[in-house]
Structure formats: structure tokens, C-alpha cells
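The chains carry the letters A, B and C, assigned in the order they are written, with residues numbered from 1 in each.
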């Protein structure tokens, strides 16, 4: 029987793959459903929640998830009821999250800007535990299953939400589902790259895939592959260049996206068309 | 009118767009009989699109009620929309959009297929049949963004037809078509309307063979129904501005 | 009518503030305010003077001085202080600005640099703090100094005795750099140190793990004021024991003085070393079991997901079967 190595680097490697799959998948929906601002706000909500956890000596991960849910609840359903545009809500929530995070951190004088908080801000690959891996694998399996079963509804909503509603699909339900799943994925990704950089993991792989592909079915396969590849390349770069892991991953991810824009056949066609 | 065959009934319906103060639909009462073919005409901003979207439940009226097949649209909207084919006025997509035209047509059937269920071969065949009817089946594997405006519009019509709807709502469905298609597709819709007996409401500026088949034209102006009669009389009323 | 109410409210507020400021001014005239940057000095001043002075410590003992965040009460204390004790450490980069902003021209600044977190270093601190207090305040503190030095000697002798009993000289340790001097003074062998964990790269962490494995390190020592979890991951990885030591008195209950702090820290080291000796034989099996548990958890979670997926499939196919 082959045992997996659950050492630090093994866990780092595994989490790069799992987070790459999760953010690559969810990123497609976040980008195509125009939930980018929401994804951004939720990542900071997760940061504020983690800060609250640190300040109150509770599990930062649990607090981060709860806060991300709270932000998702504010942005999704409450914005709908209050008839406020999502942009309005996210413009309010983003600075509020940051303010709350720093208040939580300074509220209890015993906890200053220590490594625990730095971990939440910038990630800490060494603090990824076996339990985190179990959560990531479970979430991967659950997310893939959900996407498999409701793919056609999500596909339709990504194309045109109004038309999807006109075809009898409960678009609100599925949009909220994506927001909630994105919140959990964001929270689990905190340890890899931290709250300040997590958004790049959601946005970049999907946007890169969209530069080349003309079939959404291929985008949903390729985006996670890009996420995994850039995460692993970033980890490799940080090892050899002696730089922080989170920043390296985001740098690699962003460079790949920038390169994809430059060489995108779609962009060339648009330019030629002009 | 035989009220037992009424499939759509609007009763004093008023609708206002979010953020607007002026109602886009005002006190509209309208009954449409099953299998009827109705044209809706009127100047720009007269409320034609609003009427279709209100019937379809995409816009919620702040006053009045809408019954479709005897069910209140407010409470049964999703279920009813699974049986209503809708061809929107705005349909153009960006050139880089990653959706194949066959997939866009299939989307029309998703509401009917239901959550958790997967589309099967029959659904795909229905979608392809619709595309064949509109002579765009050879475009099934092309991305939507690479189709012309007219082709995209045909895809939208095919999407609505693929649903095998009981009610078909079409908002300016021929505006982007080439002259030949403008002649043939209304004929096709007319034939399908006769054959499948679905109730059809068409919003258009154009007179064509489909109009020849309809017995009723609703004229709208400023959010209200100003005329609701036989085509000749209604069009005269429209020209007169009454 | 509305204007009148506003004027009355404003007058009462101003009067209340004036009374409060008079009260606080009179409070400061009774006892001198002595400000210390950290508890390393503050605990000593408190032991010397008791309630003869108001001792204000700026940096909470649970945090690193570099993470100090000023409050209004800190500014007030510095503005009205007679003496300010500082340590001239890198983490006090904010101090100069604070003193300048306070505008306290009568402030006597006393620097007590050097090592304090070993018994020898602490003795030097005691003597210098006592000497300065005697000079500035003109009071005899020789009795207090003698008492404090005796406490330190007692703890130091205890540590030395324990170190000999446990034979710690052969025990290898990796520690956070600010704990190196104490750990070495307790008789252990420090083979590597690390900077604050947020500054470490993956490569640094790998190097630490390699060193720990090649040297057979028994203890990984974290600094309470910096991070209490970093060392645990490395300890788990290499089969060492994780220890957290405190760097300032008062951060942990029962460590209000330097002597108590040394005793607490030494106890943590010796206890962990015993645990390491005891669990040595079981360590590998323990790690293997933990990994197995993780694997079982993963397979169980996946099995649950597969079951859920099958249930959905059965539900969707129910009419068609």
C-alpha cells in the first residue's frame, strides 16, 4: 500500500493542486456571471472574519467562512430585497470589511499585527494542516458534483441571465449558490495566498482560458488546469527564488494572463476587425 | 370571446421599470385566446417590449394581475415560463463569446428538462430540428459571436421553438434578417403556428405574410392599449395616430 | 428654544471636561509617572517602587514592540512622565516620534540597552534600573535590589541544577532568534534560529526542516510574542517537541517578574524535553497513525460525496426505471 506523504511540502503541493481546481472552476462562474466585485468583497470578508477569529481566539477558518457567508448574504439576497445594485453594496462592503478587520485586530490589545494576522493577510503555506487538506478534497468533490448536476442551469445563466429566467430557470437560486460556494473556496484558499491576493486566483485562470476558447465546456475544463499549473509554477518559483509563496503564485498567474491577452487570437481578430 | 379558451389575461396591469417614475405599462387589460395569433404594434417606447416581458413574468407589475393558462404569473412564473418561448429584442453577443449556437438553442429546453436532469438525445434532436427549420443547422458548431446579426436572430427564434412552447412571444424577431429571410421566416412561423397551435404574440414594426395570417392587432401608445381589432382597422388607427 | 438647549448642553460638557482635566492634573501631582517601553524594565520599576509611582508600560507584554499601536492614554502618559525607560532596540522605532509629539521638555530619558532575558543579563538590568531610580528620585532602593537579585540567583541555580539532572547539554534545539540566548543559558544546544515566520520563505522553512532532521533536533521553540503556531508544523514534521517561551514578564499568568518568567520558560523546556524522550519510540508510529487517519477521513468524505451523487442519480431516474 502506498501512503501519501503528509509533510509540509507535500501538503503545500497538494493544496496548490486542490485550490487551483477550486478557484479555476469557481472563477469561471464569478467572471461570466459578473460577480467579480462580489468575489473581491468576499475575499476581504473572509479576511475580516479571520481577523475576528484571531482576536477572539476562535478558529480563524470558521470565522472566515461565517463572515464570507455573511458578506455573500448581504451582497446577494439583501441587495435584491433592498433593490440596491450589487456594485453599490460591494463599494460599501469592501472598505467596511477592511475597517472591521483592523478594528478586530486592535480591539484586544494582546493581539497586534502578529504572524497569525500576517498569515491571514499573505497566507502561510506552513500552517496548512491535514484537516485543511480533507476540507479541500471534500469541497472539490462536492463542487464538481454540484457543477455536474446543475451545469445546464449555470451554463444558461452565464450566457444571459434574463433569457435563462425566461426559460423557466430559477436564476436567483443558482447565483446565490455560486456566491456561497465562492465564499467557501475563498476562505479555504486564504492559507495559500492570503486575503489580499486571493482574488487573483479566482479571476486569472478563467480569464486566461477565455482568451483562447470558444466553447464554454472547454473553458470549464481548461480554467482549473491553468489554475493548478500556475499555482505549482508559483510554488516552484518561490522555492528557487526564495520569495513568499502567495506573491509568487499571483505573479505567475498574472503574467500568464497578461501573456494570454497579448497572444489571444480573439484579440487579434477584434483588432483586425477594427 | 369564449372565456374558457382564454390563455392569457391581463387585468388592469401597470408596470414600471426600476428607478423610473413613469409607468411603462398603464392599466392594460388584454385577453388572448388559445391558439390566437396577435400582432402588437406602436411607436417606439409605447410599451410593446414591456408588455411581452410582463406577460412572461420577467417584469413584475405593481398593479393588476396576469393569468396564464389560468395560473397567476406571480405565483407560478417559473413553471409557466417553461412553456413560453421568448424571442428577445436584444440578443447580440460579443464576438468572443464562448457559446456554440447549438448550445444556445438547447438552452431553450433547460427549463422544461428540469433541475438535476440531463438533456438527452431527444432534446438535442429537437434543438437541431428547430435549427433545420430555420436553415441554420450547418451553423450548429459555430460560436455565437461569429454569427452575423441575422444568424444570431435565427438562433434566438430556434431557441424559442426548440422549447415546443404553448405560447410564443416574439419581440422584433425579423429586424436583422436579410430580405429573403424576412419573407420566408414569417411564413414558417405562420405554418408552425397553424400546425402546432401555439398562441403567438409578435411585436414588430414590419408588415409581412405573418400579419396576413393574424386576425388581431393590438396598438399601443404611451403604455396603453389604444386599439385592439382586425388588422386593417388597427393599422389605420396607428397611422392616424389615434 | 432649540438654541438655548444647545447652549446649556455645551456649557455642561465644557464644565465637565474642565473638572476632569483638573482631577487628572491633580492625580499626576501626587505620584510621579514613570513610562517604560516594555515590561522587561516596567516589571523591575514596579518591583522597586510599588505604589510610590504610576508605572506605565507602553507595549503590551503579549506583543512584539515593533507591533506597538499608540493609544491616547500612551500619549498622555508620555506627556506627563517624569522618567522614560527605553531599551534602544530595533522595535522601538516609533518612540522618538512619540516623545517629540508629547512635547514633554521635562522628561528624563534613561536607556537600559543589552540582554535582559538571561539571568545574568537580568541582574545587570536590575542594577542599572535601581541605580537610575535612586539617582533621579533620590530614594534608597538597596533592599529591593537585594531581594530581586536573590530571587534571580535562586532561579538561576534551580535552572542549572535541572539542566544537569536532565543532561540537556546534548539536546539540540531550533528556536526563534529572540529566544536563543535564554535557551543557551539554560544549557541547551541551539543549532539554528529563525526570524519572525512571516519573513521566511519556503526555502528557509525547508532549510530549517533539513537542519532539524540532520541534527536530530529535540525541541522547536517559538516566541510567544511573535507566533505560537509556526514551530508546531516543523516539530510535527521532524518528530520534535514544540515549545512556546515568553519574552516579556506578564504575558502569561504567573510570570509577572523576570525571575518568574525564567522559571516558567525553563519549566517549559525541561517538560518538553522529558516528553520528547518519553515519546521517542512512539513518534514514528504516531505520525504514521495521524497520516492514516487523514487518509481515512479523505476516503470517507469522498465516499459520502459518491453516495450523495448516486442518490441524486437515483432520484432523477426514478420515473424512468
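Note that a contact is a pair of C-beta atoms (placed from the backbone, for glycine too) under 8 Å apart; a residue touches a chain by one contact, two chains touch by 3 or more.
Just so you know, these numbers come straight off a predicted model, no measurement behind them.
If you average the C-alpha positions per chain, which one ends up nearest the average over all of them?
So the chain nearest the centre of the shown protein is A.
Quick one: point me to the chain whose Cα centre is farthest from that of subunit B.
The chain lying farthest from subunit B is C.
Averaged over CA atoms, how far is the centre of subunit A from the centre of subunit C? Could you give it in whole Å?
34
Mind checking the centre-to-centre distance between subunit A and subunit B? Centres are C-alpha means, answer in whole Å.
Once rounded, the distance between the two centres reads 39 Å.
How many angstrom between the C-alpha centroids of subunit C and subunit B?
71
Please output the residue numbers of subunit C that touch at least 2 other chains, ranges allowed.
Residues 312 of subunit C each touch two or more of the other chains.
Which residues does subunit A have that touch at least 2 chains other than itself?
149, in rising order.
When you check subunit B against every other chain, which residues touch at least two of them?
116, 118, in rising order.
Could you pull out which subunit B residues touch subunit C in their complex?
116-118
Under the touch definition given earlier, write down the residues of subunit C that touch subunit A in their complex.
60, 62-64, 67-69, 196-198, 201-206, 209, 225-230, 233-234, 237, 288, 290-295, 297-298, 301-302, 305, 308-309, 312
For subunit A, which residues count as touching subunit B in their complex?
83, 149-150, 152-153, 155-156, 159, 162-170, 210, 213-216, 218-219, 266, 269-270, 273
Spell out the part of subunit A that touches subunit C in their complex, as residue ranges.
Residues 3-4, 6-9, 12, 106, 109-116, 118-119, 122, 124-127, 130-131, 133-134, 137-138, 141-142, 145, 148-149, 235, 238-240, 242-245 of subunit A touch subunit C in their complex.
Which stretch or stretches of subunit B touch subunit A in the complex?
It comes out as residues 18, 56, 58, 78-84, 86, 88, 95-100, 103-104, 106-113, 115-116, 118-119, 143, 145-146, 159, 163.
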